[in-house]
Amino acid sequence: MITTHTRKRIDILIDAPLCDWLIEQAAAAEIVHHSILPVESGLGRTGAWRDEGFGTVAKRMFVALSNKQKVAALLERLAPDIERYGLVIAVYDVEVVRGERF
Amino acid sequence: MITTHTRKRIDILIDAPLCDWLIEQAAAAEIVHHSILPVESGLGRTGAWRDEGFGTVAKRMFVALSNKQKVAALLERLAPDIERYGLVIAVYDVEVVRGERF
Amino acid sequence: MITTHTRKRIDILIDAPLCDWLIEQAAAAEIVHHSILPVESGLGRTGAWRDEGFGTVAKRMFVALSNKQKVAALLERLAPDIERYGLVIAVYDVEVVRGERF
Amino acid sequence: MPAFETLLSPVILFFVLGALAAAARSDLSVPEPLAKSLSLYLMAAIGLKGGVQVSQAGFTPQLLQVSAAGMALSFALPLMAFALLRGFARLDRLNAGAVAAHYGSVSIVTFVTASDALTRSGIAPAGYMVAVMALMETPAVITGLLLARGSGTLSRGQRGKLLREVLLNGSVVLLLGSFLIGLAIGKTRFEPIAPVFVTGFTGLLCLFLLDMGLIAMRRLRESRALNWRMAALGIALPLVNGAIGLGVAALLGLDPGTGAALAMLAASASYIAVPAAVRLALPDADPGIYLSMSLAVTFPFNILLGIPLVIQLAPLVLT
Amino acid sequence: MPAFETLLSPVILFFVLGALAAAARSDLSVPEPLAKSLSLYLMAAIGLKGGVQVSQAGFTPQLLQVSAAGMALSFALPLMAFALLRGFARLDRLNAGAVAAHYGSVSIVTFVTASDALTRSGIAPAGYMVAVMALMETPAVITGLLLARGSGTLSRGQRGKLLREVLLNGSVVLLLGSFLIGLAIGKTRFEPIAPVFVTGFTGLLCLFLLDMGLIAMRRLRESRALNWRMAALGIALPLVNGAIGLGVAALLGLDPGTGAALAMLAASASYIAVPAAVRLALPDADPGIYLSMSLAVTFPFNILLGIPLVIQLAPLVLT
Amino acid sequence: MPAFETLLSPVILFFVLGALAAAARSDLSVPEPLAKSLSLYLMAAIGLKGGVQVSQAGFTPQLLQVSAAGMALSFALPLMAFALLRGFARLDRLNAGAVAAHYGSVSIVTFVTASDALTRSGIAPAGYMVAVMALMETPAVITGLLLARGSGTLSRGQRGKLLREVLLNGSVVLLLGSFLIGLAIGKTRFEPIAPVFVTGFTGLLCLFLLDMGLIAMRRLRESRALNWRMAALGIALPLVNGAIGLGVAALLGLDPGTGAALAMLAASASYIAVPAAVRLALPDADPGIYLSMSLAVTFPFNILLGIPLVIQLAPLVLT
């Protein structure tokens, strides 16, 4: 049977203009590899939005697979900005193949 | 260390025309905040589809972070319609920051 | 209360041109039903990419809900190609409704 | 040979190219935002052109007559369709009602292609037919729903949503809005935007029909729900509805072009606006049935045979 | 009645159609990639046209004067806006600075619509105004930031990013780049691409403004943060800034068309480039405030009333 | 100075603008669906134009000769490229085969830009060259694969997929399909769609090349795999292949325009259709190498220097 390892997946909903900033923060926490998924619309405390090109601050979903330590380090780094940047963060355990990569 | 709380994430694959209905149901279960992700194509019991603008009923992915009770309430509400609307639902535990929000 | 069952969700990041191949592999492992989500950009060992239509090999995210056995069978099938195709795989437990479907 | 002529138009040939490419499983595909953008463009363009034409021709009582007739057709055509779908195709009440709604409504692309062909055949339809089409789009949904579920089964919230769908559906708003804009600006103020909305029209229609060919044929290939009885009705219904439309046109004394357009509206079936409304209002109906019949059978039939047929018949019936 | 004329142009009527559709909660919508594509197209088109015009008119000292004046306005206009936003609308320092940055900058669509209307009124602005617009886009961000946070609070990395934003923002690059291309190719080599960039312009602008109407009205409907004081300033600021722009134009001795364009640049507020920059540089400011004011109040005001007003006033003030 | 002329065309200048914007790390970007839509449009347009031209010029034996020669080139050019890639750039067998497949195939955008430039220089290529291009797109994939892996290593399923790729690739289908449509409709029926497919062509090509400039330069900036030996070959291969193409044109006795087009087809390297096929068939080959060479080195070289060069040389070599 193929061996898998338990790692963390971290999904962060973030305003599109702040994406590069988040990527830098993640890299500083040694989470260099990531993927960005499009998000179409949403509703939060600041109201509804829809990615129509203009007129709204659109969101993206930052997704990274990494290990516990690095994810903790990233959360530590983000902590002071989570509220003001309105980040929506979810961390969960996943099984990965090629565990040494993450 | 930053404190996190265990909450639920619920992902629901749903036909695009039914999205507003689902958002209402979620709101009725007190899950007001959510995000909608695009889905490109898929294959299910009713065959293959691809979002080409017409000719198919496209899908979206409804994503919400919330607590156990509210997610259970939403599932209860959806129960009678899950089969006929062809909902594909996954619920899982995630760690969130700012747990009081969810 | 509505009954849920524990199943596996498997998310696979894959190059768009290899998507059909993956769908065949999954079907061979009896995971016929799936959804494909768009991915916008990313950074990995082979560098950064952005789906701009040309000039890069764009990625998709294959998502399937299935049971433990079938997911294990799929991983077994993919094993020899994971490295060369650069697959990024995450498997995790989710609660599903209508467990008999998956 | 106007019928043969029609088939040799680039618009139709691009439709055929798309259908052949999909049949051969080529990976040719049109990005979804382009498809949606082209459909917005086509609606704005025909709305404007219709409005400008009426601003010149003036309002006539006929406009009101044809509008009323069009709405009546949209309400009534689902009735016979429903009977045939129950009796011949053996669909249950629910799916028969859902399909009937589609055949009472109209296909904008079929109308546009027909207008183009009619104009090239020298019998251009009256400008107000765009408004008639917009009015015919949604009433059929109401009949279809009542047939599928019986009256009284709609909750108040659902009735509100349905009414909104009927009145404020995006394509109805864009078609009628552009029609009114065309009416307001008239021919002179239309000139600066005519290069986009008139000169570019047929060329962009080619690209759109390329996509429709791909989509219709892919739908046909993947439609598991379709049996020969449904397919046969997908051809019979446009013939029957088109004949009824032509009959109404004769009763109203319409000219051949305008009458042919009304016939094509009656003959065509919706595959954009109505499926979305029906998915919401009749979730238990099978999209595999109503989308396949309207998009994969009736639409190609109308484009390839229906339009040439009506171009032949209309001048004989309407004089 | 040139003002009334302006309102009857198809461009404006499509904006109104979009706004009405959104107000009635129709599901009409324009795909996001089409909106972005049209905005790229509009920028390339006006850049090119401006450059070609300057290639014919030649460089004049006036070009440099107006450029300098434009940049000065972009730097300075946020100051008074800031005072009003603090005093009258009672915004905190942070949000007042953020909003002020938007009003110092410009709205490309407002400029384009104004140019179109001015040209149709027989007082076309000088070609170089496109370059002036590009130069006015980003300086206001610097003033706004300093107002919001005081100087010295920017880290080196942030300052670098801000400078990049100011100089290399996509729209600045595309506008100035197309302007230089137009300058380089001149009228003859422009001819082969003129059908797309000139003939198609007004028609495509209609589609873009349809979308802007939808977006502006949806923003207005969903803006919880907006109170009447902010809404009032959303109308007062373009009036004040426009008057200042007209005054500067008079001082520089500009012709009515060019002066009116400068006034509209001053009067308009950014809702594309600046919000993105401000979201990054002032994350604690509320996008609900600055987007709603500039997009949902000032933009429609300028399109519907500001442009007709300046068309009336400019010929009186500037002679 | 036709070469200098070429560089001053708006088409090329937009390419340069895109490249400069990307080099300066501006955030200017073209939405992906627009890029794909423009490429569909360009293929349909050149296919149609070619077909219409052949419908007037008639079928000639030359058409068949050049088609055969084009396919032979596509099959054969990878052989020498492979040798150079192995010997000079020191690539392993696998990557050398992958890259060779790209250089045997063609770049549609390079062809389109070359045709535009040739036509403006008064030596328009024959209409059938579009069909020749479509025929040259995919044979090289077969040679490249055999070189990379040796024959006999393809499973039956893979061979089927490869054949499908070669014959039914979206761009092959659209190019040949539009060509046949153009052939079928001829000049008169082409007229109504000419405003979109002819008049709008060069302007839309500008927007597409703006995007290609952005993409090529971004690729260059991010290509870690590229070393100077590969970069040198990225310039040498188009020169060598172009010279071979010109030689074949001379043997066939082609006119300067048609010969120049054949040379540019030989000189160009695919970066759309072939990368997708190779990613599937040779998953272990590094996309960083083949995409960077063809898109970031050879494509800009051909656009900026290759086309002007062939415009100079073709009239001397072919008479």
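Letters A, B, C, D, E and F mark the chains as written, and numbering starts fresh at 1 in each.
The working rule: a contact is a pair of C-beta atoms (placed from the backbone, for glycine too) under 8 Å apart; a residue touches a chain by one contact, two chains touch by 3 or more.
Worth saying up front: this structure is predicted, and the values here are computed from it rather than measured.
Student: Which other chains touch chain B while also touching chain E?
Tutor: A, D
Student: Nearest 5 degrees is plenty: how much rotation brings the CA atoms of chain E onto those of chain F?
Tutor: It works out to 120 degrees.
Student: Considering only mean CA positions as chain centres, point out the chain farthest from chain D.
Tutor: Max centre-to-centre separation from chain D belongs to A.
Student: Copies chain A and chain B touch; is their interface built from the same residue numbers (over half shared) or different ones?
Tutor: Comparing the two copies, chain A and chain B contact each other through largely different residue numbers, since under half are shared.
Student: Is the number of contacting C-beta pairs greater for B-D or for D-E?
Tutor: Answer to which pair has more contacts is D-E.
Student: Just give me the whole-number Å value for how far the CA centre of chain A lies from that of chain D.
Tutor: 45
Student: Where the CA atoms of chain B average out and where those of chain C average out, how many Å apart are those spots?
Tutor: Chain B and chain C have C-alpha centres separated by 19 Å.
Student: Based only on mean CA positions, could you tell me how far chain A sits from chain E in angstrom?
Tutor: 34
Student: Which residue numbers or ranges of chain B touch two or more of the other chains?
Tutor: Where chain B meets two or more other chains at a single residue, that happens at 37-38, 92.
Student: Which residues belonging to chain E are in contact with no fewer than two other chains?
Tutor: Where chain E meets two or more other chains at a single residue, that happens at 29-33, 36, 195, 200.
Student: According to the definition already given, which pairs of chains are in contact?
Tutor: Once each pair is checked, the touching ones are A-B, A-C, A-E, B-C, B-D, C-F, D-E, D-F, E-F.
Student: Taking the touch rule as given, give the residues of chain F at its contact with chain E in the complex, in rising order.
Tutor: On the chain F side, the touching residues are 8-11, 13-14, 17, 20-21, 24-34, 120, 195, 199-200, 202-204, 206-207, 210.
Student: Please output the residues of chain D touching chain B within their complex, sorted ascending.
Tutor: 29-30, 32-33, 35-36, 39, 211-212, 214-216, 218-219, 222-224, 271-272, 275-277, 279-280, 283-284, 286-288, 291, 295
Student: Chain C touches which residues of chain A in the complex?
Tutor: By the definition above, chain A touches chain C via 1-2, 4, 7, 9, 23, 32-38, 60, 65, 92-98, 101.
Student: Where on chain C does chain A make contact in their complex?
Tutor: Per the touch definition, chain C meets chain A at residues 13, 37-45, 59, 61, 72, 75-76, 78-79, 82-83, 87-92.
Student: Show which residues of chain E lie in contact with chain F when the two form their complex.
Tutor: Those residues of chain E that touch chain F are 31-33, 36-37, 40-41, 44, 48, 164, 168-171, 173-174, 177-178, 181, 184-185, 189-190, 192-197, 200.
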